[in-house]
């Protein structure tokens, strides 16, 4: 097993593996996750670079979703979940006792595997998050920001005439872009996407990939995917995960996407990206 | 696809908003804390209710048992309940409760269980859709209406069958039979849940061995659901013990130590209700004695409910 | 409608010759029939109950008057009558044997007695001499009828009736009817059941003419608009359930208003906030146990706590309400008792409704920075609302039909006044049914049948709406 050891002074440009200095947005330090007594994630240490796309790949059940959900404390919602180690956001540990998880999620937005729009109007779907932290916002400003988010998610043209219709009445691909719009409407700094295209058709998938490349300029993106072509197409960095014999997920390799796909250090990575298993 | 990036102006705006980053520190959310406390308080209210019941019953029952001449032994062994002679024996009331409940169960258990087996093993989903509302209707009828039914229909019927000289106007049989009707839906629905939870594979195994549907139901499915069915029966006993209106109207208005179901005899619940109707003084032995009866009733039904829960739990663990 | 694929209907040829198999098939068929029969029995019980209630609801009734009509109609004093009229009356009304004794008693034959003696004879020998010259009601003019009412009713009652409908505008027939119910207290001497009246009509009418000659009879329904809108009286013919209907409305509404916020809050706490904590588990077990506590025990709790310990508050005495009802028997006592009774029902239903809300919805709200409560309030509750509503409707039906706890906390059986507020005494429909059914006079079970119909129809309609709502919800999910 190859230990990925990154000693990263937080808040300062870190030496990337290719030698250039990049700003680090988030850092995981020796992160383990337990569900009750079961250890789902073992000792993960890795950086998340600002304004880059980081892909997390690996066979199913290896803890990819668990890992991404530790980045905005979504694991808190799972009964009996416990996180050890540190997850730093701009140098601050988001698991410190005086941290408000709601604000963590405000700064680290998330899009889920299955589209989960609120059973409310398209407008309300986007507006809810904005309104939550700005309850005195004027109607017109709210409309502007909803419009901006929908435009950003490339959904505006399709829904601008039916903002009052239920979000759940849209097609699967549209619903997922609505969820992305909902996530970016609150202007997080980091955007987490947990297999956002797994339930979608190829055309919707292409749209979402294009969208991510566009969003990269303004957001730091982490995406879980089981689709290696997707990881290769859109990500800058890739984290390769595997399941240990005790069924805990571990990070076996982290590097530039190019390197992972062309010259991986770990044999299992090579096998996986070439489609020999997984 | 139209990809809409941000204009330079919007980008600056976003950047500006971003620089005033939200502090991760916990915010004071006092409203939320109050709401949480209120929710917890509502949850605790149920505990207070239970505590209240116990305290109230024990408190006044204690006043009863501390009365000179009343002893626990006499309370449980004397066959006469006659407050005017200072005789407080629970036996006549308890036997009446027992007999009416026995009659009710001997009606409700076979019918309810058969209905459950039919619904779960034979009826198509469509048929179930028509048949289950019948049971739900039976369950929804207020008990005072069942009491009315016992007095105006069941009692005259029994008297015309067995003779008015054999059957008293108020009698335990009429109350028990009608109470049985009332309890059918309870037995049926709890048993049906239990039967429905038996895995399909078990049925298929039996059918595959050439068993008929009836053999499969009675020899495989029902035994597999035993603890669930036991739970339903125990729940039914508890319900029968606690039922008031039917026995108050139909079973009789006076303690009577008899085992003859055609005689009038007052049950524990019937006695409590009758004594508390009218202008009862909120002190005195009449008042305290009903709390002693209430305490016995509460403890017995509580025990039955706990046993029933235990059976259900065991059943859930198996499947 | 029943499942048609039965394993026992295999190829007949294959199974021929095996008598054991055929026997088992027969047993299976019979068994199936027996099982089905049990459901039919349930249905029969339900139908019999309805038939029984309807059977009591109407039928031929013969009336008798509690008061002799001739005693209240205007009559001429005997002293004003002519000699011929007096003699005619004696001839007609004095029994023969009395007539025979007249010469002995009065010292002269009838024809030779003075007018004064003739009057005395009438006074002495006739049971109610003042009615001898009375006109029958039917012969009176409208003015005389109104006069009869005025003389025989209390002033208050007279004014009230006049205010409801001025006598001047009523027909003579209507006035006579009014006198019959108000003054003569026309009462049902005997009533046949609905089915007897339908299938045995001629025999009944023959019997009436034989046994009750000259009496009024009619097909009488007990469930009438008047019954629903009148206050309670001691007579079955005039009593009504308006105070009970209003009492039920007050008690049930109030108990729902108390129980729903508390029950929903407790349900939210258990599902969303308690998690797997020990306290949550204790509360949960406790709620299941409370749901099985006999309702009469709740009555005793209410009696000891609300009616006795908190009497000053539940009668309003602490708030300066004048004339508080004795023993804390007020609407608020009943409502609080009932609220505790239906609380477990509402909690359990709320929990089920909340549990049915998908976790992905909570995730979505949390992921945009909503707190736990904001998530619950804005997203979980709206989705769970129809389920919670179903539970509330079921609880309403339950509260409407519960009787035993209200007997214990002291619903008064005889209340003529409408409830006026939360501190007033009250009665409710089920208590009325109980009281009327328990009365020794058989005729009151007929009155009870009308109240039973009112209660049954309301409760079953409420339940039906809950069932429909629930089925619709299941289809959505």
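When the chains are written out, they are named A, B and C in that same order, and each has its own residue count from 1.
Note that a contact is a pair of C-beta atoms (placed from the backbone, for glycine too) under 8 Å apart; a residue touches a chain by one contact, two chains touch by 3 or more.
Quick caveat, the model's predicted, so the values are computed rather than measured.
Peer 1: Of all the other chains, whose mean CA position lies farthest from subunit B?
Peer 2: With centres defined by C-alpha atoms, farthest from subunit B sits A.
Peer 1: May I ask which two chains are joined by the most contacting C-beta pairs?
Peer 2: B-C
Peer 1: Centroid of subunit A to centroid of subunit C, CA atoms only: how many Å?
Peer 2: 65
Peer 1: How big is the gap, in whole Å, between where the Cα atoms of subunit B centre and where those of subunit C centre?
Peer 2: 26
Peer 1: How many angstrom between the C-alpha centroids of subunit B and subunit A?
Peer 2: 51
Peer 1: Show the residues in subunit C shared as contacts by 2 or more other chains, in ascending order.
Peer 2: 371
Peer 1: Going by the touch rule set out above, which residues of subunit A reach two or more other chains?
Peer 2: 103, 106, 133 - these are the residues of subunit A that touch more than one other chain.
Peer 1: Of all residues in subunit B, which touch subunit C in the complex?
Peer 2: Touch list, subunit B to subunit C: 29, 32, 35-36, 38-47, 49-50, 52-53, 56-57, 59-60, 110-115, 117-119, 122-124, 126-127, 130-131, 133-138, 140-149, 151-153, 181, 184-185, 188, 207, 210-216, 218, 235, 238, 241-245, 248-249, 269, 272-273, 276-277, 279, 282, 290-291, 294, 297-298, 301-302, 304-306, 308-309.
Peer 1: What residues of subunit A sit close enough to touch subunit C in their complex?
Peer 2: 72, 74, 77, 79-80, 102-103, 105-106, 109-112, 114, 116-119, 128-129, 132-133, 179, 182-183, 185-186
Peer 1: Tell me, which parts of subunit A touch subunit B in their complex?
Peer 2: 89-90, 92, 94, 96, 98-100, 103-104, 106-107, 133, 148, 151-152, 154, 156-157, 187, 189, 206-207, 210-211, 214, 217-218
Peer 1: Spell out the part of subunit C that touches subunit A in their complex, as residue ranges.
Peer 2: 275-276, 358-371, 374, 378-379, 382-383
Peer 1: Quick one: in the complex, what on subunit C touches subunit B?
Peer 2: 1-3, 6-8, 24-25, 27-28, 31-32, 34-39, 41-43, 45-46, 48-49, 52-53, 56, 261-263, 265-266, 268-270, 273-274, 279-280, 282-283, 285-290, 292-301, 303-305, 307-308, 326-327, 340, 343-344, 347, 371-373, 397, 400-404, 407-408, 410, 413, 430, 433-434, 437-438, 445, 448-449, 452, 455-456, 459-460, 463, 467
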